[in-house]
Every structure is written in structure tokens, then in C-alpha cells.
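Have a look at these structures, which come just after this line.
Next, two complexes with chain A in common: one pairs it with chain B, the other with chain C.
Then we have the complex of A and B:
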């Protein structure tokens, strides 16, 4: 390894011109990256980690400028380099991969052509051999049947495969530095592991340097040698990965590590040190009587055919999205429903909420067959008020023209009996207090609230009618870890206080471990395993459960190691690309 | 589903639309005020002669029977006879339709050639000079009525400057129309190798086409600008930039091809606006197209002519939308997948 750093950033400052004046997004940022080294920049949203990487690539938005400092790459100052020189470097010397691989690819150009574009641009191929080289790149990123996939459009590939294609584009010209900006956020854990292992392999093969931008400490710990922690535009700590987790020096790093759901921590351990809540949350008594019984629930989505499809297409019976799923949820119990995207967990919750009609099977709630109530009539059924839902996307699930107060009052106005203004206001204030939402925020609109505050509004709205059952669909997946820690604790306290039952849908086993008594693991619409959370997580019986647990990147030393054999995408064979 | 079966399905779906149009055009003309039998019989007619004419026109039969007879006539290509011109409606339309289409197509061509580059330039530098100029042109284009723009252009280029020939039809009386092949004078004169006539036809076409183009430019330029801004801000453009692709490639291959999708959709709408605006432009420039024909027919309660016009326009729209849909399917690989 060479001692001269490949990338050196000194005292970088980036400002953005906004309507409210100049905003300093990044300041005093300095670090260096050696050849072949893997460095992670870790931080929560707004920490400036992505801005730093965009500034390095010089692809900041039009309103952003490097206000000070130097970025030296292989002896060249990138902040003063001409645009033509930068454009030559990008893709050839420094490459970047992004979050949400599907939208990072041109939707109407075949993936093969997109790889060729880069090869041609940097004279790494001619018109004669570009096709062979593009297919070779697809093979290198372990895409099965590369000759066929060369002709595929991004929408014909799974998310994991799209990210492999993005990696192929980034590495096609053999660069020296790869910047990965949240490369696996939004991908399933097993896909995340496959993609990251692949990137790690390729990195080691060609002595590539990696700059990983992530919010996930576990991911950083697993794949990087050194970690830089950023908070609000500044670097608060930089250290070797091992040292950082063993002895974090900065209080922010300590808070961040503490807030990460992990094997050795309880729910209260996640809270920042100053928090007064230390006693473990009490669990409500679990009644013997079942609250919700789901029996052989099945949902098959019919082939969507319009008139032309019926006239000219051929129909084939698709596999059921949910296949004979049965479980019982007792009063006061918290049940986790875990699985990767497409496993049928959200379809299940939609059927229980009666947003979707089941194809077969029964749903019994409070002793009544709710699957037999017509979908349109269920909204006005008294049972409808007994179950409520909290959604993953806290912004999209709030009406942008409603204040927080109006949003929380909404179910009361629609389903409750309380009508007069005074008692309504009083009830909303009570609910806000229950979810620790400061009363002065009640008159704000969603865009004026932070992610955590919007989550609280969503939860307050869900408990407004004192329901018995809350269906929580990935309620913390979009939140920063420190906010997630607080929201999870809030949910645990609410459940104890109000005797609620939870159906908690998540892809994150660590979060489920903290909040659920029992867990169901689903895969491709079928229940793979069911049991007490502690048992399932420590002694999984199904291989799939073990695979899920092993794929969780962890900061703890006993965890699974990377560089397990890289397998192709689990979903690789599914949306078989129609080859033209 | 393959693209071919998708296109076939789309064509099948347009058949009920066409039938619906036939029904509506039939009923619409029956509902219009005025009695064609009385009109036909002339001012000195007696009630008996009117009744006789009514009988000979088949107007005394019940509506369903009339409709069936109408369908039968349509199947043989008989659109009836125009009361005012005395010609068969089909031949009237066939001579006048090319005049209108030539005008509309040239106007759309001009407007695409101006609006798309303007939209692209405006999107690459929002609030720059080109953007401001485009905004001005676009606002003027939509807010001024076409007959006014037409008269204004005539005032300047014909009356004041004398650059344009007198606005009296498709060709100056000094020239003979070129031998008819397509009915488009520009194309026919070129095919005949008669550049003199081509120049004369173009001179006549220029002002009305520009008038119409000014009107159709606005939605195209706006949509191109908006779609380009959206495309340029998208994540695949960021990826393309991060891969070092040239500015040219990013702009034209990555952004523009994606941005053209909504523009193509808009084009269908714009074409129908243009056909509507044709009526006024044709009146101002004494253009012998189907728009002015339809207005005259409507005023004189000339059913068969109005019916024929409505039907022709509807078929044009259906065909056009079909073409746009097919074009869209070819441009966007995702369409075949979604359905």
C-alpha cells in the first residue's frame, strides 16, 4: 500500500444558495483515503455526508458551491480543475454508485447500452468490442445469463440486479476510487449482503479505494477499515473501525452507537444517556382470548388484463401473494411479521384492514368474520374504529393541507362520536401529550415538521379512537437511528399504557426483537417460521431465518463475517426478462 | 405481452370509438335547428312540395330506420350530397381536406422546430435569456386569438411590407395547381419538379402556417421545458454525469429521449387544437380547407356536409391518437410491460 493518499480533503466547506439565504452544508471537513483503503462516512440525515461526496465528484446541484478548502485526488486539485478535465476523470478515475439503483439507471435504455456508453466515452472499448466488454462487465458483477440481460431494461430487473448494473457502470473503466452513496438503502438485507460482498470482492481484486457513505454503522463496521462520523456538516470523530466501536470518544458517536438496535441491547439502552426512562417498559398482560384470528388467508392477484389483453394476451395463473397464512393475535400481544420485499407482509396487513379482498380464508376480529363484510361497508363498521394503522412513509401518509391538529382529529371526526370543538381540542391535546408531541407544533403543517415529529403525529392519529389493534407497517424504516430509538420506546410505552395489541410489520429483525413477543417469518407468501421472538432469533429452525439473521450487518465482533461466497440475487430468476 | 399484440389491441379498442362517433354525428345533425327540406324546396315552396322533398330525402322515416340507411350509405362510401355545393360530400371533402392538412402539418412542423429547441435551451438555463424569450413568445402565442395574429401578420407582411402575396387561397391565380398526387401542393409540385409552383405555394402557405404555429407552439415549448427540467434533475442523469458522459450525450441521449415521452402525448392534443383553430385561420386567409367548408355548411343547415365533416374530423383524431399511442409504445419499453 502506498503512503501518499489517493484522495485528500482539506478544510472543505460547501454552501447552498437557498431562498432563505446561504446555508453552510459542510464545513471544516478534512480526511484522507489511501490507495486500496475502505473508508466510511457515517451520519444521520443532514449531516453533510452525501454533500461531501458530491463535492468530490463535482456533481453538486446548481445552487451548491465549494466555498473553501481543497480536494486533492492523485495530486490534482479537483476544486479548481476544468469541467472538461473533471468529466474525463469521472467514470475513469473516480466513480460513484447511488441509492435507489432502479432510478439511477436510464429507464428507456438497455443496461448493455448504458455500460457501453461509459466504455466508449473513456475509450475503453471500440464499436467492435464494446458489446463483448459490456457482457464481460455484467458477468463480473455476477449477473446470471449476461448475454440475455445485456438487452434488458432496468424495469425488467430486480433492485439488487439494478445495483449490480450500476456497479458495472461505475467499475467498467477500472477507476481508482469508488464512492458508494447509501448503495444498499432500500434493498433487502440478503440482497444488501450480496451486493456489498460483491463490491468488497471487486475492490480487493483491483486494489480499489472505497468511500462508503451510509447511515448504517453496522454496514460501515463490516466493510470499512476506517470510519468518519459526521454531524450537522462537521466531522466529530474519525478512527479505525475497531477502535471507534470499542471506545467512541465523541458523545455524538456514543449516542449513535447506543441507538443502534443490536443483539446485546434492550429497548431502553437505545435512548441517549440523559433520558430519564430507564425502567424497562412493562408488558401488558396477554389475555387468553384471541383478538384477531387469521385462518388460511390467501390472496392471489389476478392477471391484470384490460380488454386488449383479454382479446390478445394469454393469461396464466400467478403464484399467490399470500398463501394459506394462519395466525392468532391475543389481546395485549405484539406480533412481528418479518420478511423481505414481496413476501406478502403488506398484502396481509391490507387484507386485515379490509383494503384488499382476500381470495380465500377467514379473518376474525373481536369474534366477527370481518372478511365477509363488504370492503366498502367496512369503513363504516364499528369494528373499523377498533383497528388503526401507522404507515412507513410519514410524510406521504399525512394530508399536506392538514395541520397536525386536524390530522390527529381526523379519525375522531370520521368515526368517533365526539363533535363539539372544546372536547375535540382537549382530546387532541391529550393525544399529543401521549406521544410527546409539543402542543405548539399542533398548528404546523407536515412540511414544517421533522421526520420524528411526523411519525408522532401518525401514531397519535392511530391511537385517537383508543383502538385495540395497531397495525404498524415499517413505522421506523424511514427514520434516523436516534429518532427510531425514541419512537420504538414510545410505541412500547403506549402499548403498556393502553393495553394495545400490535401487528408489527418489518424487514428488520433487530427492531422486531425489541418490540415483539412473537414473530412470524414469511417468504414468498408462505409462513416459514413462527415462535417466541427470543427463540426464533437465537435458535432459528428455518434456514431462511438463519440467512436473514446472518445478513444483518453488525458492529459486534461475534457477527457473521463478510466474504461469504457471493450468490446471485435470490430474485434473479423471477422477473425473467422477455428477450427481444 | 408483446408490443405487437399491444398495438393490435389498441387498434381494436378504437373501433367502438368510431362507432360512437358515427352515432353522435348522426344524432347531432338531426338535433340542429332548421328544416333542410324547407331549405331545399326554396322560398316559393308549398307544404306539399316540402313534404315531397322530405319523403325523397328519407326524412319522414323513423330515426332508427334513417340511421340504418345512413350506415348503409357509409359502408359504400356515400356521405350524401351537399345542398349548398350540389357536389357529393365525399368529393368536396377529398378536395378540401389536403388543403387543411397541408396547412396543419406545416404549422406543426414549424412549431416543433422552434418549440423543442427553445424548450431544451430554456430548461438547461432556467431564467436565462432564452427562457425569458420563450416565455414571452409562448404567452403571446396563447393569449392572442389566431384570427388576430393572422390579421396582424397580414397587415405587416402583406399590406405594409408587401412581402407576402395576397391572401386568396392556396395558389396565386397566375399559377396552375400541380398534378394531383397527394393533394399537398408543396409535395406535388416537388414531385413534378416544378420549383416555380413550389415557391408560389410556399409563399401562400407561409403566413397562415406561421399564424397557426404561433398558436400551437406554446404547449409544446412548455411541455418540453418542464419535461427536460424533470429529466435533468433525475437520478439517472446524475449517474450519467458521475460516469463522465459528455454533456451532449447526457443532454440528448439520456435527458431528451426521456423528456420526449410527455411531449409526444402533448402533440396529440396540440394537433386537435390546431384542427379547431384551422377554421378561423382558413376564414382569414380565404383558405379552401374543410374548416371553412364546415362553417358554411353549418350556417345553411347542410346536414350531410356537417355530418361528413364531423365524421372526417373524428376519424382523423382517432387515427392520430392511435399513431401517437403506437409511437409512444415504440419509444417507451415499459408500456408493454405494464399492461
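Then we have the complex of A and C:
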């Protein structure tokens, strides 16, 4: 038994020097981490969780300073250590893995060389044995054929493999503490599970301490012993993972847990208890006649060949991105399109929106073959106004030079018949009210709005012409859970109010469950399974669907459903914390 | 305040896309407030704006403020050093150098603004079309630009003026042609990286056609880097025009022009009459310097992200 904590943070305060004066990003943060323990810091964006980890590694931005407190690692105060001492510690004792593995790796060096760099820097290998050690590390992170992959460049590897390489680099020198800052955001759920299971295994093998920074409570619950919840730079609650979910004490923690989409909760349960809208959303009647019929839709992206390539190259047909996809969407229905990245769900939505020409197949909307209308002419077709889209990245989908008002008004000006200023302003104000956007925000530019507000602007723009069909392309993927809860509820209300049909594209089955009547699961361009949402999620027929459902990290087996049968999945239940 | 209309003069084009936005608000007041905000943000910008205003004022008022007729020769007063009467001295024909330097401002600024305006408009157009459509449009325009860039630019300008004839218009055209590739390349790359952006897709869904997307949605987003290029180019264009006149192409004596005055004055430097070349040269340098410094300020002026 060793009671001296490996990492101890006392009363940490970090401030940032900005144009608007000093900003306190983190204050009064104290926690400790024992050897071999896994601790998660959970919070929404702006909570200061990443800043805390950056301060520990001493890699704060230039305008950030540790204004107070101590960070002690193995008896050494990291806030006062010299830069030379720090660079010696980083990578050897303290390692870090970042959110985007592809940008964390040098794109023009082979992954083997990058592992060797760390080994050499910390004198853990010599020129003679470094290659063998690097390959050994690749094998350890379960990369198949490590001898070949040693020569691979990052762009030749998938996102999950890149993250494994990053883990290999982080663990190459056998550190004592691994800090993982949102290590699986941007990875598919099945990849997330594989990467996290691997990190967890390695951690247990070498008695490593883990500091996991995440916004995902499910991930924290599955892989960590203790959880620290942060809000606006402060710790609001710290507890064992089980107790935290069974009996959250702080109201913020309760709100956060409540906002998580999960099996036992309905759409309204996600909202904070004080919210007025408690009545379950009504579902519009689903009409018998189809609104959208997609028949054997196929898209193949041809290889781009220059003239010499076309003359002399062998033409080899690439695999289609979408392969003979057929489905029907009825008026008033909400259909989910689920799959992992690269499964062709976004390609499908682009083709239906006529932003992309299909290679083969039919798209019938309102009884008209819209796939045969040339793209350029579709811009002015009356059908264009009947289908609109909400984009995944709300920041990128708003013109940075347009105010919110102008963004919302643009489709009305182009496709609507209202032209005079008063009725236009009135309509924009109406739409803002519908999506609960405060009217005083209408004259702001996108960079002056928060993520949730930008999402509302995007939704207001999409419903401006009262379309029949709304394609929602992962509309909540970039939002914090509490904002996601509000936006999902808003979408359900709008659908009931306006009788909209939704084609909801997502990788998150829990979110789809809340909003969709029917669901289609896609993999590699092919439909794997189709059915009513409840049925598919409780009794999946396809193995792939089951795999997807199992990979979702959940807080439920441990806490919210104490009487639920204990799963035999070793990753889901966290064994008692091994204190060594 | 005299400042706003003058910069409207100095920055002829960026005002246009802002104008569409202006309909949505109290446009003039908003622009003036932004202008003051940007000017106060940095001493350099404020200084550059003040000097640019001065140059533009002199160019506009021109003949009205000259102490002497810039063309009237007076053999009795030839080659006098700077004095209270003749601030910059007199030249070999007894003409007042100060008056001539002031009188030349209108011509030199006119050539520079004209040339930059032309290359801005056509360069942006070419760049926007190649960046947005790609394919053969890009290939054709791209090679055209490559051809221009393959020449040493000043030599190309000399060739154009020599072949087309020694007129002020031809100096403007030649300067416009050699500056055009810079605009085309900046606009092309900035538009190419944004053409599949979310807001462009959204604009398509809102029923905007391709040309409208380019003009209303994409082009205003390219303005900030263009403004920096624009102000640098004003300086180059001025140097270029003066350089052509210096070697005897373009503007002809006795028209007052900074390049010619330096060329004429250079004969007298060895005999000790330094003021003939120094003052027009220094004014040219100051003008180029001013417009180069203006870049950052202009960029901030057209970038909505600066307005917080």
C-alpha cells in the first residue's frame, strides 16, 4: 500500500491574458491521483478541464500562466521546475495523447521513426536496438503486421490506427502517468471501444496512472475509478465513479447525467428539471403516401485520371461509396440513417439534396424524378425550397460575414416570395422565436455566438421556407450534452408543430432512438438493417448493429438501473480500484 | 469629419460588398464607428491613415493649392537651393520644385489607383472563376497567369509601354497587367479552399446560383488578405509608374511626375544641386511607405471578426 499520491494538485489557478483583460480559466482546483489509478475529469466546453491538464504538462499557450497553487508529481513541484527538467519529464514520466491523432503525428515521417525519436530522446534505446523496440511497441498496441507498418506514413493509416501509434509513442518510455485529452473524440464508437480497451489493458499491465479528460460521462464511467466534474473552471464534485452516478450530489452533475441520451430516458427526461416543456412531444401523423422514394441509389467516385492516365492506365472500378440503397420516407416520418464514418451516409444526403450527382438509381421527391434535373437548374426549382438541411458543423455552415439575420433571411430572399423589408424582418423574428433564439442576437456575426446559438441559427435557416423534408446531418455531434438535449427537444417540437419529415443522419444510436421512428443501419455503402427504431435497438438482427450498440459506453449497468442483469462484458463493469 | 469620404476615395472597391450588408443597418454610422475603432487600435494604422489622407487631399485639391505654376520657367531663378520662397528649391529652368512635387501627386496617385483598381477587378474575377469552377477554366487562366509571371515584370511593363505607345493610359494598363497575377492567385486559392465549405452548401440549398455564391457569399470572405495585397500593390504601382517615367517611357517632360523629376535631377547631383532629385524621390518613398503601412488597417476594416 502506497499512500503518497503520484500526482497532487493543490489549489491550482490558471489565468489567460486576453484583449479583454485577465480571464481566470481555472481556480481552486485540487485533486490527487494515486499510482495505478484512473481518474477522469469531466466537463463541458469551457469548463477548464483541458487547461488543467495542459498546466500539468506545462504546455499552456503563451498567454496562459499558473497564477497560484502547486502541482506535485512524485515529490517534485512542476510549477517551479526548470524547462530543461520538464522536457526531460515529458514523454518519460508524464505522457499525453491528444484529441486528433492525425495532427499529433508528423505527416512526413514514418510512424516507426516517430516512435524511435522518443526512445532516443530519453535514452531508452540505442541506434542498434531502436528499430526492434519500435516494432515491439507497435505490436504492443496491437497493430497487425508491425514490421510493415513501421514504414507507414500517418496518412496510410486509419484514424483508429493513428491513435494507437500515438499511444505507442506515449507509452514507449514506460511513463508513470498518461494524460489522455479527449482521446477518442472524432473516432467511431467501435474504434473508440477498441482504442480505450487497449489503453485500459496497457494501463493495468504496467500499473500506469491515467488522467482522462473527456466530455463523455459514459466513457469516464466505463474506464475510470474516480471522476472529477468541472464547471466553469471549478471542481463541483469529485467521487468514485459508482457513487457519482448512483447519487450525484451537485445539481450540475445531476443535470449533466440527466442530459445524457441513454436507454432509460425519453427525450423530455434530458432537460433540466425546471424546464417548462414536460409534456412528451406529439408525433405528427405519418401519411401513407411517400414523400421521398430512393431506389437503388448508387454513387461511385471515379479515380481522377489525367490524359496520360486515361490513355495508358488500366481502368479499375473503385468500390461504390453508396451501393444500391433503397428506402421510402413517408410524409411526417422521421427516419434515422446510422453508420460509422465512411459508410456513405453523408454521400447519400448530398445526393438527395442534389449537391452531388448520383451514378445510378432514382430519387423521387413529391412524385418527381429529381435526380434527372441538372444541378444548376435545381437551384431555381420550386422543389428546392421543399427540402432543406441542417449541417453538422454549425460554425462552418454560417457565412462568417453574414449576421444571423442575414443568414436566416437568405433562403427567403432567394426562394421565398417575400421581398419587402418589413415582412422579411417579421418572418425572421418569427423564425427566431420558433427556435428560441433571442432577437437581440440576430444582428451578431457567427463568431459572436455560442455553439448552441449557431445551431439555432442553422435550424432557423433550414425551416425558413417551411420545407416538407429536413435532412439533419449529425446536427448535435459538435455540441455539449446539455445543449444537445435542448436542440434535440427543439427538433422534436418543430417536427410536431410543422409536420416535418426528418432524415436524421448520425453515428449515435442513442440520439437516433430519441428522435426517429425508423432507422437504417449502413456499412460501407450498403444497407445492413432497416426497421422500427425500438425493435432494431432492442433486438438487432445484424451482427454489425449489435456491435454498434455494444460499443456505446454506458453509465447504466452500474448505477441508474441497479436491478438490471449484470452484463458479462468486462469493459462495461469497472472492477474495484486496484490500489497498490 | 473629412476622413470618411477620403478613404472612400482611397479604398474604392471594398465598400461595395459592405454596401449590401449596410442595407440591414444604419450603415454610414456603423462604418464610421468601425473606422474610428480600427484607427485607434494601432498607432501605425492611425499614422498611415493620416498620411494617406494627406496624399489623397493633395491629389484632389491639386492645382488649387500650388504656390507657383509648376510649368512656368524663370531663368533668373534657376537652380536655387531651398529657401523660404521656394521650399524645395528651383530646378535648372527655374521652376519651383515644391509646386512640381505637389502637382505630380495627382498623376502618380491616379496611375497607381487606376492600375490597382483594374488589376483588382480583373484579377479577382479570373481568380474567383478558376478557384470556384476548377477544371479547364482553372487550367486556361492558370497558364495565362504563368505566362505573365514568366517575364521579369518590369521588363514586361517596359515592353508593353514601348509597343503600345508612350501614353499615361498605357502605363496604367501595363502596371495593371503585371499586378494582375497576384490578385488572381490569392483569390483563386482562397476561394478554392472555401468552395465546399458548409456555408456555401447552405447557400446552394437556399437557391443561390453559382455566380451569386461567388459574388455575395465567397468573395467578401476573401477581402481581408486582398486588402493587404492591395495596399502593397499601390506602393509597387507607384514605383513602377515612376520607374517607367525615369527611363523615359510613359509620361513625358515637362509634365511634373516624380520619376521624371528624379531622372532630370540626377544630372545635377554631382554638381551639388541635390534638391532637384531628393525631394521628389523622398516624396515617392514616403507615398510607397504610407500605402504599405495601410495594409493591416484596411484588412481590419473589412474583417467582421475584428468587430467585437
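The criterion applied here is as follows: the second predicted complex is superposed on the first by the 547 of 580 C-alpha atoms of A that agree within 3 Å, B and C clash if a C-alpha of one lies under 4 Å from a C-alpha of the other, contacts with A are read in each partner's own complex, and residues count from 1 in each chain.
Methods note: a contact is a pair of C-beta atoms (placed from the backbone, for glycine too) under 8 Å apart; a residue touches a chain by one contact, two chains touch by 3 or more.
All of these numbers come straight from a predicted model, not from anything done at the bench.
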item: Touched partner set for A:517, first chain B, second chain C, both or neither; value: neither
item: Which of chain B and chain C A:376 touches, first, second, both or neither; value: second
item: First, second, both or neither for A:95, with chain B first and chain C second; value: first
item: Touched partner set for A:295, first chain B, second chain C, both or neither; value: neither
item: Partner chain in contact with A:391 - chain B first, chain C second, else both or neither; value: second
item: Touching partner for A:153 - first (chain B), second (chain C), both, neither; value: first
item: Partner chain in contact with A:104 - chain B first, chain C second, else both or neither; value: first
item: Chain B versus chain C as contact partner of A:169, first or second or both or neither; value: first
item: Residues of chain A at both interfaces, chain B in one complex, chain C in the other; value: none
item: Touch list for chain A against partner chain B, complex; value: 57, 59, 87-92, 95-96, 98, 100, 103-109, 117-118, 121-122, 153, 155-156, 166, 169-170, 304-309, 311-313, 578
item: Complex interface listing, chain A residues touching chain C; value: 353, 355, 376, 379-380, 384-385, 388-389, 391-393, 395-403, 405-407, 410-411, 414-415, 443, 445, 447-448, 458, 461
item: Of chain B, residues touching chain A in the complex; value: 1-2, 5-6, 8-10, 12-13, 234-236, 238-247, 249, 253-254, 257-258, 261, 331-334, 337, 339
item: Residues of chain C that touch chain A when the two form their complex; value: 21, 24-25, 197-199, 201-210, 217, 220-221, 304-305, 307-308
